[in-house]
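Please go over the structures that come below.
After this come two complexes, each holding subunit A, first together with subunit B and then together with subunit C.
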Partner chain A sequence: MRIPRLLQATLVLVGVYFGFIVVFDYILEAVIPRSLLTMYMFFVTAGVFMVFTYDEDQMRELAAPIKAMVEDPSKRGVRNVVFLLIPLLVGYGVYDKTMPSFDAPVELRTIHPAPPSTAKIYGERVNLLTLENPFRHYETEDPEQFAEYVEEGAAVYIENCQYCHGDKLDGKGPYAEGLNPTPLNFQDIGTIAQLQESYLYWRITTGGPGLPKEAAPWISSMPVWQNFLTEEEIWKVILFLYDYTGHAPRSWGAANASH
Partner chain B sequence: MHLTNICMRTIAGVFAAGYLSLSAGAAFAQSGDMDAGEAVYAKRCLQCHGEDGDGLGPAAERLNPPPRDFTLGMYKYKTTGFDDDIPNDADLTRMIRDGMPGTAMPGWGDMLSEQDIADVLAYIKYFAEIEDAPEIQVDYGTQVTSSPESIAAGKALFEEGDRCTECHGLEGKGSAIKKLKDDNGDRTWPRNLTKPWTFRASNDPKDIFTRISVGIPTTQMPSFADPNSKSSVSVEDRWNIANYVASLAKTDLVVNPENFVIQGGRVDGALPTSPDDEAWATAPPSTFIMVPQIVGEDRFFTPANDTISVRALYDDNSVAIHVEWDDRTKSIPGDDKAASIADEELFEDSVAIQFPRDIPEGMEKPYFLMGDGTNPVNLWRWNSGTTDAPQTGTVFDAMGINDQQARADNGELSVSSSYRDGTWRVVMTRALTTVLPETDLQFEEGRFVPISFFAWDGSNSEAGTAHTMTTWYWLQLKPAASSKPIVYGVLAALLSLLVLIWWGRGAAARAKREA
Partner chain C sequence: MKGTGSLRNVSNKLIYGLFITLVIGLVSVFGGADLFAAYAAGTEAAADAASTGGYGPAPVTTAADYPSYAGVNGRLAIWIFAQLHLWFAAFVLAVPIFVFIIEVIGMRTRDKRYDDMAYEFIKVSITAYSLTAILGGLLLFSLILFYPDLFSYLSVIFGESMFYYALLFFGESAVLYLYYYGWHWLQGGLKKWIHLTLGLTLNAVGTTLMLLANAWLTFMMSPAGVDPAGVFSGDTWAAIHNFLWNPINIHRFVANIAYGGSIVGAYAAFKFLTARNDQEKAHYDWMGYNANFIAICALLPLPFAGYYLAAEIYAYSQQMGITLMGGIFAWLFIIQAVLIGTLFLSANYYLWCGMGRSDGAKRYTKYIKYIAIVLVGAFLVWFTPHTLVLTNSELKSLGGPHHSILGPLGIMPAKNTAVNIMITFTFLSFLFYRRSNKVATVSWEKTGNIIQVALFSAGIVNILFLGIYHGYFTNTVYKVAASIPQVMTTFTVIVGSLILDSFIYRGAKDVGPLHWGRIPDRAQYALFLLAVAFTWLMGLMGYIRSGIRQHWHVVDIMRDNSPDAYTPTLGYAANVVSIATIMFLAMVIFVFWIAQVSTKKSLPAGYWKE
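The block that comes next holds the complex of A and B.
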């Protein structure tokens, strides 16, 4: 038996609706804002309508059950029920919309905004595209010296960063829960492992207030570290972040090689 | 029957073998390898506890409590008797594995294996050359399960002869009447027993019983099992006290991440001006985490408080905000008693409520640390006053932590406060709208307004940029119920019903004609 076109269209819409909820709320564990869902569903409904009314025949087939319900005297019972349900739904919808909202405004923010190509750091304009960690080359050339720098970076970290990012670099320092956004978890494969050292240098030196607007600089608790630490201390703490977590920084070379 | 018997025996045998291998595993885990432990220590522990285990890592000065000095061989949280300094391996293992809430010590159980922990434990014990096993264990007797009777008995013992109230205060909030120091001379604060999330080793009655029985070595928390102490009590009574202490946990004033909107309720009649007015019970509280100011200069690392609870009420003209936070000390400069408990210098206690000057249209807000050059904030600040001057409520216009202008007192902000048994309660009231919309936030029913908080504990050297603070949350003056939505809903329903009937009739008539 063939499923009627109207039912098909309805099933597609319901399926997509719950699909969004399952994917966002449960699989990605990021609850989709209802306003966004409404917008998506508007486009989906428009798309489904276009597909299902591609030509005259399809249009007629889609509308047939509705037409029958309204015109066919034998379907009076169904019609009466539907004609009662629709006003009730409309009434509830209007009631719901005019009720004052107790949901706080939703704030969407970019966690890793695109870096600018240059930034003003320590009073000088720095080209972030070519900037490299001046201590990185010791890793291969003089491992003993490198280990010493890592240790110095560890001291800087414990003295300054662990309160929020944690002793374990997992973003769960003693004050982490009081902050919004919560501090980054460097152990996570989605944070520093995806970034270049110059990106970290930019984020650390200019801190929360140095973020572009889409990243909501007004709520980030990241201090402007160029006010507290020297350039060398910051490069060493970057060495430590990668060393402790076992991640490797992204480099332009690696990025090019993978293309 | 016979078959069942064999089965049973086999099962018993499997269990026995399992048990044997388990205990063998436990014995193996206990024999930690010191050399392996040194490597774990160097990577995970050295930064705080120092290369020599003396607790003098680079951050020692900034940690409160400071990292443990392993060379002393003294441990605060242990289950051996008060007269035996040596802890059980299980006590130290627990601290390493689970961490210590309210301190910088995280739980390492997700990063270190059981063997790693056993190894590092062997290395840590080596700093104080602990080789012997402890000899005396805490006597738990028979646990008295919690009941209203046990809690009542515990409360009486808690207060009897100032046994516990001397340091922990009548409400268990640690409202101080004397200055406490540990053996190292560092300042310590009596635990606020209403905040179980700050208990280093949980607020399970069994853990509390252990603390009461053993005391907290190296601090002024004594053992109440020591027969030489005149405050000591029986095993049964220690269980009663433990049950009472466990019952002190706050229930309505705890942080709930879902509760980030302060719902201001509308009142008919006068707004309550006193913080102790019963009307405040009708306003649902929101409790937020406070963190020290470690973002701008000068950074502050040793806060005394960690939460603040807020309520709001409003009427046709004004909004009143009720803030409540635990502070062990009532800091009134000039008061000798307050000065004797305070750090070197005594400042006023203070709290500030922060609002953006303008309600933002998009999601942009002023910088959470007292605003910025383009987005100024209003700070409503209350100061506890001194022996010479009364409390004050002042409005500040701020555009950053170092750019705050106090307005002359024109009476726009009225304040009242009360301090009782370790808790400050302050009410600040202002008109919903003012004559200066360019410089003042104007409140509107239903609108979401960003709000955040700052607090200073004057006895804990908190003044200037040394304070605690929250991030931005929301305040909404909840509109009173109105009949508007119902009326609109019914009208819409009737209208659509009319349209449908008109459509249905037209279609039926057309169908008839066509037929």
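The block that comes next holds the complex of A and C.
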């Protein structure tokens, strides 16, 4: 028996919707955000509509049951049920969306806020657009010395940073669970691999309180490390972060490419 | 015979003249650097003479330096006027480009339908041209009134180019009117060549105008030719040829063509839906198809031009780059991604609907659902945001804002891969459309098809490999650089496939006549959607481009100290852009209507003396 096209289209949509939930929430165990799922489903619906309607005959076949339901006198019972159900569903949707909840409102937090062009660090105004790691050049010029600096950076990291950012730099340190937002996972390709070293320097030295307005200052428990570490120690920690994770800082010339 | 010989001579001279004009045109379009170099030589001499004397630093303003008139918000007024001016300017610059190409096609094929269509396109742009000028005037006056210090600073640096701009605008008008009003007069033989030369000149002048205006706005983003205090060195060429000038030039040139195609496509759709008979329907269906074809041709390379521009902005300033794509404007980029996806989906839908014109299309329609699955899949990757909107329970369940599966889809390598796949499959839709009414007669058709499948498969594997390996397992230098071979792969697939297809279908038989006009009305709404999505997209992206300057009139040189020197909320910005979009579309509907009115005649009985 051939499945009517309207039912085919509905089954595809329902299948895709639950497919996303089953794959993400249960198989991969990484829940799919409902806001994203809504966006996904909007365009999946558009795609299904396109495939089912580009041809005039197919369109007629798709619309036939709806047309019959509205116009055919023998379908009066179904019509009444559908016409009652649709407003009820819409009403429930409105109720569900507007009902106050005890959940804290969703925040659109900017994880990578834009850095200012200059910042006051260690009492001096630093140009973040041109600032470079003073130890980076050792990577090509004196690899042994570079390895030593990385080692020193690792020691600073273990003493100060790993409690939150983790000994594997994956943001899962012993204190991580108690923090919101959780500490950054440096292994993630979307974090330090996308940034220049000067950005890290700015974030580490000025910490949560130094975040600009768009990222809501203070909504981060990152300490202001310029109060506790020296400038050199911070640059060495940055060397270690990239070295351990295997990422390279964002740069613009092939000369800086090390991988 | 002598007469014919001299005619040929004149014709040769004209071809030569045309060639020279073409070279000048191309230089002004693609190598503006050389054209302006001559101009620069003059300004350098002036610079020496001035030797920094006479130029002061950028003005330091206070809130009192920004006058208010009639309670109008200056920023809002300029925002809307600039946006409306830009939309019309993009349209009137683009239309002559493809009108010229269509006219050439008409002349070569001697098919008058092309000539008529080209004329109809330019007719639509004539009213739009007046509106462009009026809105440009409004923008200029608003700038002088509301931001006098900024305008006077810019006019110190660009005074000369502003003067040439005004002269060029005058020239543009003269050539446009000659081109349009002389259309039916300059027909056939030599006259047609003269008309084509006018078309080429029109394009060269129009594009030069755009290049000049682009220099002013890119100077505000990446100033050059001035010292850190804003003191002008006197070298106008340096100020024009600033860091972001060429990336914007390329992006705008390509985007304008796509945009112009989409607007005339909407015009054809409007005429199709209001057509009174099958003949009119067939004509406007054909016109809509051609307009959509132009829009798609320019749409395919557009994401690369956009990526190049964004990469250059990032390279120029980390701060501007992050503000653009990782900071506050990142959410508008999600809307941008959605709108770009909408463009691709509606362009494909129009092609699929258009397959109904041919009786032989059934052989290919079975593949459409697979193309749709790939397109939608790539589209979902394309707009997956880097920063997810998570409820508290989702945040808890994931153990933080990082999503191990969706997180990697939020960065550029995934987007580049997705868009290359979308482009490749949009081209596949076009290929099927092209084939739908043909039956190949060559003996090696099957082998040719196998080679084509292999080309597509190898291309897709390469795009995925470059995106995944270089995007996620190397550093940013290779990551950004990998986008180039990805693009080259896509173009190789497109060009290689087109060449192969032309050989396979050489001497092919037609299944039957194409039934122009046999297309559902729904397809016309896809053309409307294309135009609306383009307009909205340009408005949003234009705002972002301008907004990343934040509190600077001229980045790091001249600070904006007006009461409006703050970045508005995303909702406010989106509302302004949306209202401006509605205003523009209302004006466009007026333009469409007025183009129709000119052909209407009424004969009031008994009004005139017999």
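A few comments on the model shown:
As a convention for this text, the second predicted complex is superposed on the first by the 150 of 259 C-alpha atoms of A that agree within 3 Å, B and C clash if a C-alpha of one lies under 4 Å from a C-alpha of the other, contacts with A are read in each partner's own complex, and residues count from 1 in each chain.
Just so it is clear, a contact is a pair of C-beta atoms (placed from the backbone, for glycine too) under 8 Å apart; a residue touches a chain by one contact, two chains touch by 3 or more.
What you are looking at is a predicted structure, and each value in this text was computed from that prediction instead of being measured.
With both structures placed on the common chain, the touch criterion links A:E141 to neither subunit B nor subunit C.
After overlaying the two complexes on the shared chain, residue contacts for A:H112 are found with subunit C alone; subunit B is out of touch. In the superposed model, A:M39 lies in contact with subunit C only, and not with subunit B. By the document's definition of touching, of the two partners only subunit B reaches A:W218; subunit C does not.
Of the two partner chains, subunit C is the only one touched by A:N185; subunit B is not. Contacts of A:A104 after superposition on the shared chain: both subunit B and subunit C are touched.
Of the two partner chains, neither subunit B nor subunit C is touched by A:E124.
Shared-chain residue A:V90: touches subunit B; no touch with subunit C.
Shared contact residues on subunit A (touching subunit B in one structure, subunit C in the other): 104, 108-109, 172, 180.
Across the interface of their complex, subunit B is touched by residues 67, 70-73, 79, 83-84, 86-88, 90-96, 98-102, 104-105, 107-109, 154-155, 157-159, 162-164, 166-168, 170, 172-175, 177-180, 208-209, 213, 216-219, 221-223, 227-228, 244 of subunit A.
By the touch criterion stated above, subunit C contacts subunit A in their complex at residues 315, 317-320, 322-323, 326-328, 330-331, 338, 341, 345, 348-349, 352-353, 355-356, 365, 368-369, 372-373, 375-376, 379-380, 383-395, 397-408, 410-411, 472, 474-478, 520, 522, 556. Contacts from subunit B toward subunit A in the complex involve residues 43-44, 47-48, 57-59, 62, 102-106, 108, 111, 255, 260-261, 263, 288-292, 294-297, 299, 301, 306, 363-368, 372, 375, 446, 448, 470-472, 474, 476, 478-479, 484-486, 488-494, 496-497, 500-501, 503-504, 507-508, 510-511. Subunit A meets subunit C in the complex at residues 24, 28, 30-36, 39-40, 43-44, 46-47, 50-51, 53-56, 59, 103-104, 106, 108-117, 128-129, 171-172, 176, 180-182, 185, 188-190, 193-194, 196, 198-199, 214, 247-254, 256-259.
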